[in-house]
Amino acid sequence: MFVLVNLKTYPCDAVAVAEAARDVDASTDARVAVAPQAAQLERVAETGVETWAQHVDPIEHGSNTGHTLAEAVADAGAVGTLINHSERRLKLADVDGAVEAAQRTGLETVVCANNPAQIGAAAALGPDAVAVEPPELIGTGTPVSQADPDIVEGAVDAAANVDSDVSVLCGAGISTGEDVVAASDLGAEGVLLASGVAKADDPKAALEDLVEPL
Amino acid sequence: MFVLVNLKTYPCDAVAVAEAARDVDASTDARVAVAPQAAQLERVAETGVETWAQHVDPIEHGSNTGHTLAEAVADAGAVGTLINHSERRLKLADVDGAVEAAQRTGLETVVCANNPAQIGAAAALGPDAVAVEPPELIGTGTPVSQADPDIVEGAVDAAANVDSDVSVLCGAGISTGEDVVAASDLGAEGVLLASGVAKADDPKAALEDLVEPL
Amino acid sequence: MFVLVNLKTYPCDAVAVAEAARDVDASTDARVAVAPQAAQLERVAETGVETWAQHVDPIEHGSNTGHTLAEAVADAGAVGTLINHSERRLKLADVDGAVEAAQRTGLETVVCANNPAQIGAAAALGPDAVAVEPPELIGTGTPVSQADPDIVEGAVDAAANVDSDVSVLCGAGISTGEDVVAASDLGAEGVLLASGVAKADDPKAALEDLVEPL
Amino acid sequence: MFVLVNLKTYPCDAVAVAEAARDVDASTDARVAVAPQAAQLERVAETGVETWAQHVDPIEHGSNTGHTLAEAVADAGAVGTLINHSERRLKLADVDGAVEAAQRTGLETVVCANNPAQIGAAAALGPDAVAVEPPELIGTGTPVSQADPDIVEGAVDAAANVDSDVSVLCGAGISTGEDVVAASDLGAEGVLLASGVAKADDPKAALEDLVEPL
């Protein structure tokens, strides 16, 4: 099970969360990675944790002031990237271009989307994985398995219908180890979460609780 | 074969092109429609031509100043709408929302995209049709059949792989009746074109030439 | 005093509101105009009311599918346009381009902005007027004079500091005739309002109440 | 004279350019700074050069995946930031918000704009400086002093008319020391440049040539 911790622009100690993630990754069967802001990639990667970017732009080297280049992100230590997160929605053509840019650079890709139809669309663009983020669950604390299990199963079916090589992450409604198990039972191969770990008083304990039932 | 004439924001006489399209639709086996600007929908629809919008926003009735509401477009006489044209790209989630808005209102939908991967993505959102617009052909006058037939066949395959009910239009590189035949031979059920008709000295003659070989 | 009624994408009868506005304009000293959706401009203008667009794009005739061309809006009967409404924010360069497009076509321009600093910025682009829309007042029913009179006075000062030819409208917190008087006392030469008239059971009575104290 | 070198997303060695800039800053009267990508801020700042960000978003700490937070940029070593570069245009309200975010964090601000009217608008938002980037000069190699000196003088006047505390940089058409002198003679207090230094075989020599006539 893949646990990807999105640090957003939280006022958290990115390095401390990264060290916790690195340790839990090493001491359990779970795969744990952390996605900090672009400006923090280097210091997070230096902890040894698996490091992801939160976004890359559909661009190449050139005249793109203020954009996020896949090569720069990889050079700073990222091995994967989120694309089209609900807080950083892209045009359809730019999701395609960002997946291409990431793949050109060897970054693993997770494309986020809201519902099964969009998950099918995201899967058609050929990323490694998609993450379904039902807007009604984001940041509510409601576990996905209780609120709307159909949306995860629907996302798993929609992705499989388009490209069976694309795995599905559950991108909202994950707070506890039970939620992780529920997501896994619904067909998800990973979870994308944020505040539950990034804002925890003890991120390591929070991560251990999350992966303990696996 | 469906021939959809996009009037863009050309300085053409929208009503005159609409009348030509109406007459060619009536006198041939081709289905011919016209997509004017929102502010011209009403007068174009009054000619009796099949009228399409160029864009609708992913919104409902409410506080959306300056946006294009599917209901208003339908009320002005449109029976279908382009979505995500290369000159009006939308976020992935908004393509989804615009398709939903159009379907809620009974508008037929054509979602545009650049390449087979994006065509698959567009098809996953459940529109009536998709239109493939290879950027390298838009506005060049190069016929699609000569330039890159693979992209049309690839689009037809990509759409069919995702949803066999979604038909495919060829959205660039169409200037002559031969191009229309070539697009049809490649599996397209229609063509989306613009300047070849809208800017012609005699739009009716241009349309007749286009559909003559059918 | 200029009263500009924004119909947004409300499910109102645009023509009925237009007729009410036309009649109140004719029977009082107030100048009353209506801003419908682009697809409704023609039928609204046919009532004889002063008709405004809700938005124009920073474009010329050409390949701009799905955009709003100033010429098309003027041709449908508009004599003015809102630009950069809080529900249709534009890039700074595009506010500039939209003002130019409107002026090229002879449309009167009102550029909306959030606060005195942005009002100064909007005034620097040379529109006929600016409208200050404090986000904390939009849609709340709180009258601007009670909530935050400083923001209107600040907007009037900011505009005057940059270009004394640019008049200021009060773009939020206007529900009653008292609010209109308060806005006028604070230096505003007009008001921009929406639901109070557009959603009223009797738009004519609502408008008469608004302008009665003038 | 302030010389700000924008590294864009060029395939240059950011650290090498930074070291050259640091050395020329130390050995001459010019103030020289470098603006790398967000992911490279930390390593560039470690050289001791004055480090600028290329962009910050109008956000605070919170749920803003994939955005650039002023605090993170400052924490990585930036002391200033470009805002609204022609390759990263922002909505008017977001230019205002980005200036606020930068000032909240103590970052110096340069807001870019296309022409004197927009320069006046940018100045009204209260940045430390504005940079005028005539689109017709960007990347052409044409020196601003020969092509269109009026636009620099117009920008200086427009900024002074709005806020005399806002200084003006010349943001295009600078390749040689003569261009820097010409910009200074036209009233600019600095220059913003990119490829002339960032893509030079010997960035230090290129910078020395630029500042030599001062």
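Per-chain residue numbering starts at 1, and chain names A, B, C and D are given in the order in which the chains are listed.
In this section, a residue touches a chain if its C-beta (ideal position, glycine included) is under 8 Å from a C-beta of that chain, and two chains touch if they have at least 3 such contacts.
Being a predicted model, the structure only gives us computed values, none of them experimental.
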Practice task
Starting at subunit A, find the fewest moves between touching chains needed to arrive at subunit D.
Solution key: 1
Fill in the blank from the handout: Given over half shared residue numbers means same and under half means different, the subunit A/subunit B interface is same
Problem - Greatest separation from subunit B - chain, by CA centre - result: D
Completion exercise
dist(centroid_CA(subunit B), centroid_CA(subunit C)) in Å evaluates to 34
Exercise for the section: Round to the nearest whole Å and give the separation of the Cα centres of subunit A and subunit C. Expected result: 43
Exercise for the section: Calculate how many whole Å lie between the centre of subunit C and the centre of subunit D, each centre taken as the average of the chain's C-alpha atoms. Expected result: 36
Exercise for the section: Return the residues of subunit D touching two or more other chains; collapse runs of consecutive numbers into ranges. Expected result: 86
Problem - Full enumeration of touching chain pairs - result: A-B, A-D, B-C, C-D
Problem - List of subunit D residues in touch with subunit C within their complex - result: 84, 86, 89-96, 113-115, 117-118, 120-126, 158, 161-162
Practice task
Name, in rising order, each residue of subunit C that touches subunit B in their complex.
Solution key: 6, 8-11, 35, 37-43, 54-55, 59-69, 71-73, 75-76, 82, 85-88, 139, 194
